[in-house]
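Here come two complexes built around chain A, the first alongside chain B, the second alongside chain C.
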Partner chain A sequence: MQLNGNGLPLQGLRHAVQFSSIAALCLVLAVPVAGLWMLALVGPGAAADPAGLRFGSVFLDQLDHNFAPILRSLLVGLISATGAVIISAALALQLWFLGGRANTWLLLIALPAFLPPIIVAIGATISFSLLSIYGGLWPIVTAHVFIGAALATPLLLGALKNMAPSLIVAANNLGVPLTRTVMAILFGWHKSTLVAAWLITFAFSWNEFIIAWFVGGTFTTLPVALYQSLASRFDSSTATLALVGWMIALILSAAGLASFARKELRLA
Partner chain B sequence: MTIPDVLVLEAVTKRFGGKEVVRPTSLKLGVNRALGIVGPSGCGKSTLLKLLAAVETPTSGTIVRNFAPDGAAPRPGASRAHCVMMWQHLLLFPGLTARQNIELAASSRFIPREERALRLRRYSQLLDLGPVLDRRVELLSGGERQRVALARTLIVEPAVVALDEPFSHLDPHLRYEARQLLCLLRRELGFSIVLVTHDRDDALYCCDEIGVMEAGGTIVQIASYEQLLDRPNSPTAAKFAGFSNVVPGTVLSFDVQASEADISTPFGVRRIRLGNTRVSGDSAVQIQALRSAFRVTTRERPNTVRMVLRQSFIDADRAVAVCSLDSLLIEASFEPPLQSADGTVFVDFNEKSAVAFSAGR
Partner chain C sequence: MRISKVTLPLLYCFAALAVTCASFAVAFWRLDHYQVVPALTLDNLRAFLANPASLQAFANSLRLALTVAPVVALGAAATANLLPRLPLVPRIAALVAIGAELLLSYVGFLFGWRTVTSGGRLGLDPELVLRLTYFGLTFPLAFLTCMVRADENAEQELAAARNLGIPILRVAATVSVERFLARFCAAFAVSFAVILMDVFVSPVVTGGFRYTFGSAIVDQLKVNQVPVAAAMTTAGLLLALAVTFAVRVLCRQLGGGLRALALSLGD
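Let's turn to the complex of A and B:
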């Protein structure tokens, strides 16, 4: 489908993007709203009946004791979402230029979205350890950018596919510089898609920890354990876990690549 | 002082991978002249246009651009600025208003704000865009979008406007208006035009000369329409000029000096002028004839041939009959009314409106 901003398909796309933006915004708002709801539900007398309101009490406990980690996870979310959207925009532009040949690459880029996030996170951990970077938040940020890009790229590409790549050539022929074309025309038209992509990746990133904390209560869930381990130190058990996770991610990626390559060969 | 041509192509070729899309092509475009490039789909017309507009670079050959009005060397980067394309699908920038679309090009060229405003007023007035300037382009009608695209092209005041099938998606009425507008603007503003089209009327309306391109990327003839009609040098050129009926024939004898041959045809032996091809005795030829070369009547006369009437219609300025004889199918003209009870008609062939080419060509 090649359109120049004309007709129903693009209007439908705009509605879809607006809808997904609102949905993503609701998702992002859901966590603090749920927290406030819990706060209201528990009230000042919650301590008197901890068994009946376990989740709420635990959430408040976590809020008390882990306020700094929550802020840090918020920071991770902000950095990850921004990084993921920048990378996704560049990837989507490249794939857009590739046209029909983009499908295989898109599937490869989107593959991490089908992996358990924790596997990607420990894959990033082992990668960083190979670079002699131990602990800290960067492995988590990297993993979240990786998965965030996997989520955002198809969304951005889907929006770009409704425009003709020749728009760039047309703008260039008129004398419009490339940077201006990208900023004013491509991303000007798709800013709502960019916002939606950012919100979705942010929601994914932040919820990864917030939900783990919220539902885990006093139990240490895997994301929390990894987060704590990375935030403080890097020990042999984390390294072993990371190695296993990384191997799984590698095997899955290789299998996916082989499958798509076969398909491409068949089509050729 | 002679004014140099704005565009001069010398032996320009273009290859994509191993495929030669444009074979060695040489042509010239004068100031305020209009050149049409016609030919079948996929023959390389659009690629040639992109080469002219510096959207593509040639594989070999040279393109000289003389866009400075006094013939001086163009300033750096001027080639792109002064040969602007108007695309088949218009490629308006979505999400922007008509005004923003038009202004974006001008503002990118560092044209002063006052001058930009002046030009915008001028072109929106010329193209009657006033009421739609502040509407987003995706909400405009086909004709309005067409005019916005033209204004966006003209606001940078290019020396050459390269148009790629600009009227192909317009309905006949709008198409007529758009052609008129383009001719009017060219006269008024003095730019040159290269128009790629496969529509004969577009080329006839808008162009001084027509370059006929064959499948394979070769321009076989560049001439005015009158010259094409008078002496087409290839079946493609003849077909474009209107010689759309194809009749088989065999050469009996030929006169090289007069460039004519006696040819045996389904309509008897006729003396027909030869196209720019070599023929020999007994060689098979294809005779291409205008619709007006065949006249259909219901009464048998000397030299007419009995054919079967397949279809006939009349519109404002033509009456067309489609007739067949075995596997031969021709389009002919007739004087209404044409009524045949059993579908039998008699067709007269005027060989003066035909030209013959060797059948192998």
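Let's turn to the complex of A and C:
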């Protein structure tokens, strides 16, 4: 086998594999995004549609038509993200004190985010029906808080690991109350990480469809309303709203990750 | 009262487990006058196994998951291995693409694929469209799983082995393959479970070209057969765990065999 100076086999082959894997990745992303743009601008028949040129007015029409689902999605997102960040901050603080044993716990905590959504959705539907709760805001919020906490805890723990847990003991020895030290750590040192976690969990909740579809009942969030509209009419005007909704989630998450990355770089 | 250090993680894990176990428990309960009544019966599992449509749906989803998940896991593990070695700009571009796709709303993803592939626009076979959609849907999650499994010291260890003059093939067979297989197993587990239990891809993207297991579960829920739906979910989850365990054992055997071969060649 031909080896280069670093002992790596066939540099050209390596570049070819790198290029093809990134090209495949971009293609996989490009197909659905291009499809949504096509649907929003051109229409399902792929024939030139004047509606595509009235993107702004179509968007405003749909905004007006879907005003209630948008408000519901905002409400679910705001409550879920806040709840998830509070829970994940508490979880991350306790895992921080555990030190080396934290990784096993973290794996268990992050598990709901990797389970097929239908398992969480059916489990939640059955749990709530056993409690005689059928649909509404709180079942969706509870399920989103669980998944949101599973997403946010690794982020917060990653940030906390840059500091030594002995800091709390030192502050305690100096007479600073525990609550004040914890608040100073979370809202002083790790404010940007908290913001990042909040934005990412909000974006997740804003976009989440399967759990909301199963447990929401008549409480229709924006993704559920879009699904119902697209499945029954498959029109281009609804796709405009779907596209804008996704872009909002993307911008929020990018802002969250950028804020987290900036903080990490500053600490590094 | 002093609160133990593991109280909150324990409570959270217990609640998550309780939600998952709810469907497991209800799988053995029975339906009495539209009410789920606690019992210990296997009738729900029998009802699932006696229904040819549900079994056909199960077989369809299993075939899809067994054919697509290895490709997804292979691609995700390879990309996760390659990514740290890429120059900065392609690395950031790849991460942005994966992140954007991970965040692409499920509804947007499905209808985007449907727009591109509907009406035979690309001239693709519906079976291939279904597989490609599952690949696109599960790849970001599988990649994220691989990154969670990433070893921070992997690159330094490989560099140290190279500096010590250990042959590259021996390093690859003993260290790199083992890490690759660990990532492959994790990515396979996630993508297999997601594909097996998916509900909306087939009806939305291919117009119901294949009746899938997730759709069969939803149909049972629609006719208020909650225990049967729970039994099907439990069966799917157990099968996903069993297949993941089998793949893990196979990968360990393969890794062990390669390691023994590399060490014997080195001697």
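Definition applied: the second predicted complex is superposed on the first by the 138 of 268 C-alpha atoms of A that agree within 3 Å, B and C clash if a C-alpha of one lies under 4 Å from a C-alpha of the other, contacts with A are read in each partner's own complex, and residues count from 1 in each chain.
Everything that follows uses one rule, which is that a contact is a pair of C-beta atoms (placed from the backbone, for glycine too) under 8 Å apart; a residue touches a chain by one contact, two chains touch by 3 or more.
None of the values given here were measured: they were computed from a predicted structure.
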State whether A:Pro112 touches chain B only (first), chain C only (second), both chains, or neither. second
Would you sort A:Phe146 into first (chain B), second (chain C), both or neither based on which partner it touches? second
Chain B versus chain C as contact partner of A:Arg180, first or second or both or neither: first
Which partner does A:Ala203 reach: the first (chain B), the second (chain C), both, or neither? second
A:Gln94 contacts which: chain B (first), chain C (second), both, neither? second
Chain A residues touched by each partner, larger count belonging to chain B or chain C: C
Using the superposition on chain A as set up above, list the residues of chain A that contact both chain B and chain C. 6-7
Residues of chain A defined as touching chain B within the complex: 2, 4-7, 10-11, 163-164, 166-167, 169-177, 180, 184-185, 188-189
Mind pulling up the chain B residues that touch chain A in the complex? 53-55, 80-81, 84-85, 87, 89-96, 104-105, 108-109, 136-138, 145, 152-153, 156
Inside the complex, what are the residues of chain A that reach chain C? 1, 3, 6-9, 14, 17-18, 21-22, 24-26, 28-29, 31-36, 38-39, 44, 46, 87, 90-91, 94-95, 97-98, 105, 108-112, 114-116, 118-120, 122-127, 129-130, 146, 149-150, 154, 203-204, 207-210, 223, 226-227, 230-231, 234, 239, 242-243, 245-246, 249-250, 253-254, 257
Show me the residue ranges of chain C that touch chain A in the complex, using the header's touch definition. 5-9, 12-13, 15-16, 18-23, 26, 36, 75, 78-79, 82, 85-86, 90, 93-94, 97-101, 103-116, 118, 121, 132, 135-136, 139, 141, 145, 148, 162, 168-169, 190, 193-194, 196-200, 204, 214, 217, 221, 226, 229-230, 233, 237
